[in-house]
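Worksheet: one structure, shown below.
We just call them A, B, C and D in the order they show up, numbering each chain from 1.
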Amino acid sequence: MSDVGTKELRIVGFLCNWCSYGGADTAGVGRFKQPTDLRIIRVPCSGRVDPLFVVRALLTGADGVLVSGCHPRDCHYSEGNYYARRRLEMLRRLLQFMGIDEKRFHYTWVSASEGQKWQQVVTDFTKQVHELGPLHDKKEKAD
Amino acid sequence: MRVGVFICHCGSNIAGTVDVARVAAEARKIPGVAFATNYMYTCSEPGQDEIKAAIKRENLDRIVVAACSPRMHENTFRKTIQKAGLNKYFLEMANIREHIAWIGNDKELNTEKAIDAVSMAIAKVMQNKPLHATSFKINKRVLVIGGGVAGMQAALDCADGGLDVVLVEKSPAVGGIMARLDKTFPTIDCSICILGPKMVDVGQHEKIKLFAYSEIEEIKGYIGNYQIKIRKKATYVDWEKCTGCGLCMEKCPSKNSYDYFNFGVAPTKAINIPFPQAIPKKAKIDPNYCRQFLKGKCGVCAKICPTGAINYEMKDEIVTEEVGAIVVATGYGLLDQNILTEYGGTRYPDVISGIQYERLLNASGPTSGHIERPSDHTEPKTIVFVSCAGSRDKSIGVPYCSGFCCMYIAKQAILTKDHIPDSQSYVFYMDIRSPGKGYDEFTRRAQEEYGAQYIRGRVSKIYPKGKKMIVRGADTLLGTQVEIEADLVVLATAAIAAEGAAEMAEKLHISYDTFGFYVESHPKLRPVETNTSGVFLAGACQGPKDIPSSVGQGSAAAAKVLSLFSRDMLESDPAIAQVNTNACVGCLKCLKTCPFQAIVEDTLRSGKKVAKVIETVCAGCGVCTSTCPCGAIQLQHFTDNQLLSEVSAICQM
Amino acid sequence: MSTEKLKEIILKVLPDVDTVIGWQEGFDKIHITPFFMKSPEDAEKAVWNSLCVQNLAAYLPSLKKKTAVIVKGCDSRTIVQYMQEGLIDRSNVVIIGIPCTGVVSVKKVLKAVDYQPIEDVKFSDEKIIIKTSKGEKTLAIADVCPDKCKTCQYPTPIVYDHLAGDPIESTKPAESVYEDIKEFEKKSLEERRDYFKNEFDKCIRCYACRNACPMCVCQDSCIAETRDPHWITQKLSSEEKMMFHMIHAVHLAGRCVECGECERVCPMDIPVAKLKKKINSEMKELFDYVPGVNPEDKPPMYTFNVEEAKIKEHKL
Amino acid sequence: MADTGFLPKEKLKDFLEALSKDAVVYAPALEGDIVLFKEYSQGKDLYLDRPANLGPKSIIYPQCETLLSFDFKKNDPEDPKKVDIELKTESNFANTVVFGCRPCDAKGLVIYDKVFIDTDTADPYYKERRDKTTIISFACEAPFAGCFCTAVGGGPADTTGSDVLMTDVGDGFFFEALTEKGKAVLKSVPMQDGASYKEKAQKIKSEAEKKIRNPFPKDATEKLSQKLFDSDEFWEKVVSKCISCGACTYLCPTCYCFNITDEKTKDKGERIRTWDACMFNHFTLETSGHNPRPSKLKRFRNRVGHKFLYYPEKYNGVIACCGCGRCIRYCPASVDISEIVGYLKDPKQK
């Protein structure tokens, strides 16, 4: 069972290589314990995250999606996260409108040095998704 | 497809909380996987040999290594499989150490998570395509931004190594902060005496092209091929003609110009040469103070100049230089004293900053080395030094230690005693930070030999009382309040990021931290590299530093440039955007969002308008790919299908 | 505004262009069809009335030769958006604007007459008189207009080279534009989710909404049909249908000019425009941006501010 | 007397309920403002006032069907290279009754039959569904917008493809069994004798036939003008307004183009067949990037050609169009195929 207490849910994370993926590494190096629901996909930049990846994940089985990039002004590609910010904010509002609780989707900024912040983000987001429960009526895993 | 999967134990780092054998067994069940095993230390030489052997033995064509972070060993394993004859982009890593083994205690859950991570990596690697780097020529010239001690060291080392150097300094002379210091700790040798020869070398080196009083306007390009636009600010003096004789400065009637070099300790002339040892030793006019500019008439300097160098009509000039690498040595700034309202800000003339005090101590300073109170030019007898004036203070946004203040306060206390033997120095400190060769001994000497009184505690308030300044603070060791009647108060104002540091970082596409200091590639192992290849850091722009560290970094950055330039060609990262011209509809939305202007409009033979990627300029961020509505421009190695395959590996209802 | 005045302009413009796109009578009296005019004889057949529903500007990006197009106020926003995005060469387009007080929703009219075949249609000040085998029925245009007309802010085209008629001011309050969205948002999350699932389940993926959409620039390259990239399978599940409509909505973020063509053309009567209108309401709120209004604007998804005044970091 | 029958209107639901006992019954129902074929269940409302927006074709020829599913099995844990692929084809199509489609819809199925059944390699999926389905058509009293069934060889009471034809005779419905399947259906439920209504029904049907418009000119030739058909200028003129969507083909009772794709996840997948449309660029797009029908003009010409030239050439002159008018009614740009064919039949007009 996950640290949150109930059955694990499926949370997908899109992390930019330079900041947030590094932040998650830093959290690991610091042995900052986190719930285990999250599955991480590495992307070069949060600007690479097409909002449709989030939609696809939520429609095909994810209970929550987390996107994390470099802090504004600190993008490795200088502008990618600014585009991400606009697109993901748009998406958040659209999801809520179409009946998917906006709390199932979170985007944030975590730098490579912020291991503790990463731990906090994962812990809090996992908790938030667990409070909502599963998004889909999933079949039990075959095996 | 024949994928080989290698699950690393990393000793007990992974195997302690992940059932690695089970992960390998589960991997074997996945279609496409031809071989899966677990290994003690995959990154070790035998571990890598095992991968190479398996590739041959099992005829593998794609490799997944589940181990530590790819930020750690992706390159290692890419080389490994390359040696075994595979394209290095046929590797995927699953991060089961930092992202799994180290952050969860539940072995069962960790193992499930690791299986998912491996499944995702397998799904992705099966979508991977072989990518091939292209090589391009390097322009073996280097740009050094900032002519302080770090920048000069980098410039000289590069030039001595045979490289052409372009050195850009925004003030009228090189030397930076060090040129303004009186003596240096812990040896008490004269700062300008040891720096002067370096400045002269910089000025005279045939390989160094110095742009003083110039700023970086624009940086375009990429490692090996940068185009730099430099703004040569108008000095109103033709430096080709100026001999630095100083006649103009002598005769100039505008006597109340702000003296930037001396941090405003005393005024200077509107036309001036900043200091006697200045390199280049050329005059410049400050139009904010010059009568010719303010009132439209004067012209004294133009009349007096023996070479006719004065030109009131001069305009800024933009010049372009092409280089292959950049060393950033833009230094640091000092906290604006005005923020320190409890110390009166700058309201009290006899409360000054440490750097201003340096100028008072300096023999070629405005007082010719006589310490005097700015208010009445009398010699102070009681001098209070306040360390951490702003540093280590979260409330004003400087939670860090400025690093060198403890040392220079000790030095200034010693020099004060030398200058005024009957003086008494008091030092308010929080902790004495003196790690360094001979440093701690030095602070002890200040107390023991020179009688400086060290009081552990913060100063809460400074206010005037008659001609004196009352310094009120706590002595936390005695647990009492103390009040000292001082003649002069010296604040060790915090070191902060240089003015315009953020804008410069944005021009360079490098990261900076919350405080504006530039972020190095790795805090321990890549201290002078940035995450932008081709851009290196030296000195205090990366964080407060003393002279030896700055010099060391200057040399280190130079060494990095020299080693980069030891090759004639560089390989470009092939993980960049690529346009499928069949699918591209030529809407050019990608062109609008590319942060690097790496996309241009192109017309096919058929007349069809499409987007085109300039390979060498593309940095591989993928903003274009998520902008393109028809999926026609795909960031290689992170294509839609590659990321979708990862999503579908874990999201299946 | 009379058809005669329009014909005059068409005849004037024709010699300078390859085609004038307008409307003519369709297969029955209630259906008007787009009309690509090449000759003065064609111009004689041109029609303008409140049945001229199609957004003709949508044809422009696919045409290479110089073209004149007749646009209503709402349609003109398409052209403005094309200009913002550089999708047309303005000098290659002649815009004939028509001030419009509102068109008619054919679907609503057909419903009002019980889907009887329509024998004749007449207009009489802001009314439409429909003749079927069951007799005549008079309908107020305001009662059978598409929803977009009820809150129309741009009765007069925003850009034009020729204006057929006198400009009209909007009488509809600006706040009313997104009232339906606010109303819909009063439903619970579950209700909204069920609503969209039920509606999108009707989708047959005929892509009429996409192809009719003037801002769907991809058309033949649309990712709804490709395998590289493979965003969506050809399956007919609720998820795939929802995915398709999300693709359409997300790609139109900050670009939808609210012409309503997607909804009008849907043979399954799906409220296809709803998601896009929601995004538009957010674009207004977040970036004070209205698509297709000012040719100098930048679509908000292709630009940014370092400091975003309205986007706050979200707390967990 | 099983060949005809009569039901008063109020008994219609009993009839459907009786049918539902042995078969899945699909009947038209209102869904918002549109009419769709829905599985009939007790108490559900019927809607017979106008033809369904989408006819019953999707019941017999589903828009998406799984042809086979596959599983990758690795049965030997020691040898991951050994992969077994298990293939499965599943059929669970129950006996079905399509109730209340229009004669044109039924005629469309006959056009499919020639392609999917009457060949050396019949399509087993289609054939099974066709065999297990009984079609009860409902004769039209009057045409709807765009209808032109008589011009393409059908009619408002055409019996082609139907098992039973039902006519509204005012106070009830008159049923005629047309096939053995139809007879069986009428036999399975108690019904009044219909003989006395036969004449009335016949009258209604022939009245209806007169009301259908014929879009083709009176002196039109049987053949289309090849010259006009080959003229790009002609096609540009008539289909510039087409927006290249698939509404016409997907709603068409005689369009049957499909695509087959494999959709696979980690260790299993399906081979699916889905409707495709010749109006889409992707339909003829080749792997190389070349497309033999790159423009909507070419694609539209193919659609008309297929229905009125190529199919008739192959199948004894049968036109692959049932004149239901859906492609006209629901076309976003009101493109009228009957008008275009009219021009082609009498090029003098244009």
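Some observations on this one:
Keep this in mind: contacts are C-beta pairs under 8 Å (C-beta built on N, C-alpha and C of every residue); 3 or more make two chains touch, one makes a residue touch a chain.
It should be emphasised that the depicted structure is a prediction, and the values quoted were computed from it without experimental measurement.
Note: the chain lying farthest from subunit D is B, by mean C-alpha position. Chain centroids computed from C-alpha atoms place A closest to the centre of all protein C-alpha atoms shown.
Of the two chain pairs considered here, A-C and C-D, the higher C-beta contact count falls to C-D. Inter-chain spacing, taken between the CA centroids of subunit A and subunit C, is 36 Å.
Per-chain CA centroids place subunit C at a distance of 31 Å from subunit D. For the pair subunit B and subunit D, the distance between mean C-alpha positions equals 71 Å.
With centres defined as mean CA coordinates, subunit C is found 52 Å away from subunit B.
Shared contact sites, meaning residues of subunit A that touch two or more other chains, fall at 50-51, 56, 60, 73, 79, 83, 87. Residue positions 593, 627, 640, 644, 648, 652 of subunit B are each in touch with at least two other chains. Of all residues in subunit C, those touching 2 or more other chains are 219-220, 226, 231, 301, listed in ascending order.
Screening every pair of chains for touch gives A-B, A-C, B-C, B-D, C-D. Listing the residues of subunit D that touch subunit C in their complex gives 31-34, 36, 49-50, 53-54, 63-64, 142-146, 236-237, 240-241, 243-247, 249-251, 259, 261, 263, 272, 274, 277, 280-282, 328, 330, 332-336, 338-339. Within the complex formed with subunit B, the subunit D residues making contact are 72, 74, 77, 80-81, 83, 265-267, 289.
If you check the complex, the residues on subunit B that touch subunit A are 69-72, 95, 97-106, 109-110, 112-113, 116-117, 120, 502, 506, 509, 511-513, 519, 531-532, 575, 593, 595-596, 619-623, 625-627, 635, 638, 640, 643-644, 646-648, 650-653.
Touching subunit D in their complex are the following residues of subunit B: 2, 25, 28-31, 33-36, 58, 119, 123, 582, 648-649, 652. On subunit A, the positions that touch subunit C within their shared complex are 50-52, 55-56, 59-60, 72-73, 79, 82-83, 85-87, 89-94, 96-101, 106-109, 120-121, 124-125, 128.
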